[in-house]
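Two complexes come next, and they have one chain in common, chain A, joined by chain B in the first and chain C in the second.
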Partner chain A sequence: MTGSSKLTDKKDIAVSTRVRLARNLKEYPFATKLDAKRAKDMISAVRDALEKSPALNAKLKYIAMDGLDDLIIQSFVERHLISPEFANSRSERALLLSDDEHISIMLNEEDHIRLQVMGDGFCPDKCLKEAVMLDMLLDETLTIAFDEELGYLTHCPTNLGTGLRASVMMHLPMLTRFGEISRMVADTGKIGIAVRGVYGEGSKAKSDLYQISNQLTLGFSEDEIIERLTGITDQITARERALRKAAMTDARDTFEDRIFRSAAILRSARLLSAGEAENLISDLRLGVACNLISGIDFDEISRILYEIGPAGISLKNGSSLPPNDRDRQRAAYMRETLSSRLKAI
Partner chain B sequence: MTGSSKLTDKKDIAVSTRVRLARNLKEYPFATKLDAKRAKDMISAVRDALEKSPALNAKLKYIAMDGLDDLIIQSFVERHLISPEFANSRSERALLLSDDEHISIMLNEEDHIRLQVMGDGFCPDKCLKEAVMLDMLLDETLTIAFDEELGYLTHCPTNLGTGLRASVMMHLPMLTRFGEISRMVADTGKIGIAVRGVYGEGSKAKSDLYQISNQLTLGFSEDEIIERLTGITDQITARERALRKAAMTDARDTFEDRIFRSAAILRSARLLSAGEAENLISDLRLGVACNLISGIDFDEISRILYEIGPAGISLKNGSSLPPNDRDRQRAAYMRETLSSRLKAI
Partner chain C sequence: MLCENCKKRQATTYLKTVSNNEIKEMRLCDECAKEFGGFDFFSGDFGLNGILSSLMGQPQTYGKARPTGGVCPVCGSTLEDISEYGRVGCANCYDTFHESLMPYIRKIHGSAVHTGRVPGRIAKSPARRIKELETKLAQAVAAQEYEQAAVLRDELKALKEGGEK
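Now for the complex of A and B:
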């Protein structure tokens, strides 16, 4: 592995890392040609592989999607465990999930197998290593579609080759504030790296979070893909850090004021919409990164962000809630979580 | 005394009470005809009266206005100890002030003597009683201009008769929010009671505070004036209380949310303009009145409001400050004052 050994986990800016491998079984047609019976068989084959491998079986539990409650499925989407597309149609679909949820494998999404490994901060090497290990374990029992020239065969040609997508979720409040995101999108696009606002198509990204990911899967080795991604995230990190430092030097009063107001509102509000909470949490995270706020760490903030979506808040209550009730529950949850942690703001 | 004995001090709504007596010395012309020398003599005469009366001398200290620093004078205005007009021209003017500042007597304002007694909450009877007692003590040595038919003679005919103006500063956030102030102004105007926003001429009143005062001084006894004022403030109090109760019943979520957000911002902001702080303090006071916020009482909130004006904040620093520095110092003062008191918000 290259590139990242000289780097820290960059948690002041890198929220989390995901590595995804797209794989298909040789004996089954791709998803669009896969009828219900063959889809069932395909899923059974993977399930058998799971049961035959003590290593896989110990890590992952099998979850049939059509047996799940709507709220739970929606909360999986909010926690990035499954794609929104996967949630939309549930028959002949299943999920393999680790207890700590850092591994999730969607069965019968666009590809037969979509294997995802997540980690906190910037850790593509670690995620890739674990994904490759899981892939090898599956490969012991299953016959994966592979071509000597093209590499791994996938439903969509953009995933051909390594089938690898590595993405880093980055917190870029200052680049957002200074309007530098669109230029960054254009620059990185030229070299095959995509920058996308999380849940934000064109409009402002949720919590100033952006996914930075490789677009090219063919013609590069896994290590080369990770190396390029690392290089780009290093550049983005340096720029975001420079803007933060400048704000702390040149406009410290207004910078601090905004951060402490946001933290105070998060801790004391009685009604919080998901959108407002996400914006305030962006300021809170920035405050921790700039050593203005203590008592809470980056990973705790990430957990909070995963838990305050409409489904997550409803689940805490045990059933679906109307929006105003969710806003009240969300505020109560934030208050409960932050009142003991943020004493000194 | 009548009217108020059946009432509480109404501190949930009545912030403070002021009673003012306008008096003039018989041997001296009114202010517009008073030259510098005669004005000096007039002030000396009052000062002599002070020194000859052990009771007055123990209560009041003599302060020559032309010897005072600008900041101190401005802070007197912010604390309602002197009128803005009195602050504008200082030569041949003096102030008699009690240590706790609840008594202030302007010498050579519009009238020779403007005697003011202030108290917390609704207490016109108590203030009047003390003002009358002080007036009697002055009358022992000085010859006050008095006409058997007209009563006390004053520079402006609107103050003729009793020379009494009694005013109650009321906190009316809900009447303000529901747009009922202008109707109230019209209704009370018909019976000779004025409602004026504090520092607010037409625009929104500072901190949702209004002065309710009698306009008529002639043709009524002191007790009748106080009785009318009490009746009107009772009606206004009942209406404001009803609106608060309705909000707590019908829109509790949004009502609480606003109050707790305001309190949180007051406690945690790093920059606060006087205007914003005043608006937030209105919500804080409303929160205390509705038993949502504890740890701070009404009188403490009134003190804070008197201390966060531009001059008050500069004085804490020891010298005049530019606006941005004042906003920072004001926020620091609020944080220091509230962080220990508002623990449970």
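Now for the complex of A and C:
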């Protein structure tokens, strides 16, 4: 990875980007008022639109949710293709999925249509462009609920207007260690922006991953929303990079020691829980970002993170596994994937 | 650290939001975090759903009484239903309960005027095109770009006359 591409897609910090548009068909009630028959009709209407559009048809395959195996559905959740809520209740629900899985459209989730485009690293512009293109294709044959004043009409008023939620998953190990996340967020300005992280033991965030996304959807154009999100992620990125650089200069031994220990465990352990593996992978990612470790790139690290969830590991095995067997399989998978490849620089 | 919502279980999730310059920070346990949305890309989609219910359920802050009255002719929802679920029943509810809902929508978004993209059928409508040209004409006049203004004026005139036929 060259320095310049690192700067534009921020892959040393930004793990992935997701853009989601919420849309509803004008002639059908929203989810809580939609009976089974009307829900089926709504899905058929979208399916017809798909068939009438060669561009959409070539990109997306139709998947009925109630025909799917539990493990496959769980792995869809682990890969962020569907929401956990969508996985819970499957009748009268369907998914439109691209072959490479970067586009997924949930039908009859909270809104009739939840269209999402995902990408590696920081790429909200690219994701938005593609989401808008898909939206325009659907809009050619479907009558989408819209109001001049309120914009796209959604089941929940928090999504009115653009119906756009843009999110960036960021890897912020140093900001976490120095407890600076709170201050960063306080500085982030006027537009509604949310930062979410998960705390593991004590006050350290699990995997050091945070999701930064816009909360407000009405009163701003799509481009303005992306612009503000970009501004905020730029600030966060600059600060995280500065802290990494400082650690490399001021406390190099401790910093390197931790990263290489984590890499060693990943290459040698016999049992790894999902939580432990995620934390070790966080150190590995930091090692790659700081040019301490080579032999693996950021996209591969992201792919590994998506595949080591309980369902992902079970799927590799071909059937559901009890936790202890999963931990053994997960450790074996990590050894296979990493042992011959990671190199210290 | 104890969960700031239930004050019983250990906090595991951190949630911070900034909205209209208001910063809100919460440390939550797994159970309560689920209510505010778990941690994945979808959590951002559901985190605020409870907001409408809670706003509508606060009579002392937002009016004399909780909003009541009326039934949506399309889906049969009442304002009570909307207040309870935090969601409207259909697109038409936004029309039926316009007056009651607008204060809450403004409170949530800090604005209630859509400035983003529009569906193709609306973008192509003459009414929208006229509105767009009128805005551009006003801007051109303000900037003293009279040649540009003349072109816009002619286009507007043609469009308006076309509509009257």
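Simple rule for what comes next: the second predicted complex is superposed on the first by the 316 of 345 C-alpha atoms of A that agree within 3 Å, B and C clash if a C-alpha of one lies under 4 Å from a C-alpha of the other, contacts with A are read in each partner's own complex, and residues count from 1 in each chain.
The definition used in the following text is that a residue touches a chain if its C-beta (ideal position, glycine included) is under 8 Å from a C-beta of that chain, and two chains touch if they have at least 3 such contacts.
No experiment lies behind these values; they were computed from the predicted model shown.
After overlaying the two complexes on the shared chain, residue contacts for A:S91 are found with neither chain B nor chain C. Judged by the touch definition given at the top, the superposed model places A:Q215 against chain C, while chain B stays out of reach. Within the superposed three-chain model, A:E256 lies in touch with chain B and out of touch with chain C [touch as defined at top]. Judged by the touch definition given at the top, the superposed model places A:N324 against chain B, while chain C stays out of reach.
Of the two partner chains placed by superposition, only chain B is touched by A:A264; chain C is not. Look at A:Q235: by the touch rule set out above, it reaches neither chain B nor chain C. Here chain B and chain C are compared by how many residues of chain A each touches, and C touches more. In the superposition on chain A, A:S294 makes contact with neither chain B nor chain C. Residues of chain B touching chain A in their complex: 253-254, 256-257, 260-261, 263-265, 267-271, 324, 327-328, 331, 345. The residues of chain C lying in touch with chain A in their complex are 1, 11-21, 23, 25, 27, 37-49, 51-52, 74-77, 85-91, 94-95, 101, 104-105, 108-122. Per the touch definition, chain A reaches chain C in the complex via residues 18, 20, 24, 26, 28-33, 77, 80, 83-85, 110, 114, 116, 118, 132, 135-136, 139-140, 143-153, 155-162, 164-165, 167, 169, 181-182, 185-186, 188-200, 203, 205, 211, 213, 215-222, 224.
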